[in-house]
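Think of it as A, B, C and D in the order they're written, each chain with its own count starting at 1.
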């Protein structure tokens, strides 16, 4: 399935884009998504293990299954305030 | 010696004045001053043990000796803020 | 900055007075006249002070906080006179490089102010009666 | 009240929004752009956010504080975009009947905001270089 993933901050900078389109198998979980992201965007490989993943604006652990109907975003640790 | 004592809040209200003039022996301390104040202003007798006494804008305990050259004030517990 | 005033407290001015390029954090505390206390309605409060000593003690409150924490700036203003419900009676502002110190110092300053600065409030209750607030004095409940 | 804005933060308006006759205490926290960090000079910070999620998480921060303490009102605004040294990046305001809750909730809200709200800052150092701040990420020191 096709999955769009939003990127922010250093992840966006390293990938050179704020939205990446990935081809992933059905029932891909967040952990597997990290692998696909690293393979498709080698510039992200170094930080991929530390990226936070949000599914539908909620933090998701590596076991959560992603779905194209719910927005997925990847970003490094936050630093607001 | 003559000693002027400033009063505030409920002490001022009970005494009916913001400045009382007392006759006290030389070397009177703060504890003795409470007694003179109660005797001269019976309306203050009930709260005299709980009055705070300031000598020269610093809190004074009952052993401190008062002196007409340094301002003396008596007032009930504070409630600012 | 230390001030006693009969006028409305301009807490924006107070806050601006502690902002600084060397501060990453500012904490402002406002005490305001609350309508209900233990089920009784307050209509207004009258504040009185022993001015000279209150100013000296407020300066001590600031100095004490600056001794305990690495602060950039502090400011305290207390209003006196007649205050209606909702009005600001006291404002404490503090700035520091990091937020923990600003929170701790701000809290410490208002606690110390309430303990040791010779200022008194008189309640104007909804039933028309008035009552000086003197914590610990006979017939006076402690009001926090 | 929750807001993300590109404009200067009007913290007076924010503070007014939490004042109430039922509150005796208001605490306002301001985060401001500090000039020096570990001996390095900051010229400016650029803030970016994942807007939709940041708004949702800020609402959670408010709800969490209101669950933990009896608060009257809360308000948070975070600025985004380019901020010079001294400018306000975030403002958190909270009111409650008594001061302890306002201090504790204010501190809790800014802590939670920094932990979980998807907003990021990029340093513009005095030497002309820039650097995203991502605590825990390789090559990034934790900045508090």
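Basically, a contact is a pair of C-beta atoms (placed from the backbone, for glycine too) under 8 Å apart; a residue touches a chain by one contact, two chains touch by 3 or more.
Keep in mind the model is a prediction, meaning the values are calculated, not measured.
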{"item": "Set of chains whose contacts include both chain C and chain B", "value": "none"}
{"item": "Chain B and chain D, separation of their C-alpha mean positions in angstrom", "value": "49"}
{"item": "Inter-centroid spacing, chain D versus chain C (mean Cα positions, whole Å)", "value": "24"}
{"item": "Whole-Å gap separating chain A and chain B, where each centre is the average of the chain's CA atoms", "value": "73"}
{"item": "Touching two or more other chains - residues of chain C", "value": "31, 110"}
{"item": "All chain pairs that touch each other", "value": "A-D, B-C, C-D"}
{"item": "List of chain B residues in touch with chain C within their complex", "value": "6, 8-10, 13, 46-47, 50, 52, 54, 57, 59, 71, 73, 75-81"}
{"item": "Contact set on chain D toward chain A in their complex", "value": "31, 47-50, 52-54, 56-57, 78, 89-90, 110, 113-122, 132-138, 143"}
{"item": "Parts of chain D lying in touch with chain C, wherever the complex brings them together", "value": "11-12, 15, 19-36, 85-86, 95, 97-99, 102-103, 106-107, 110, 144"}
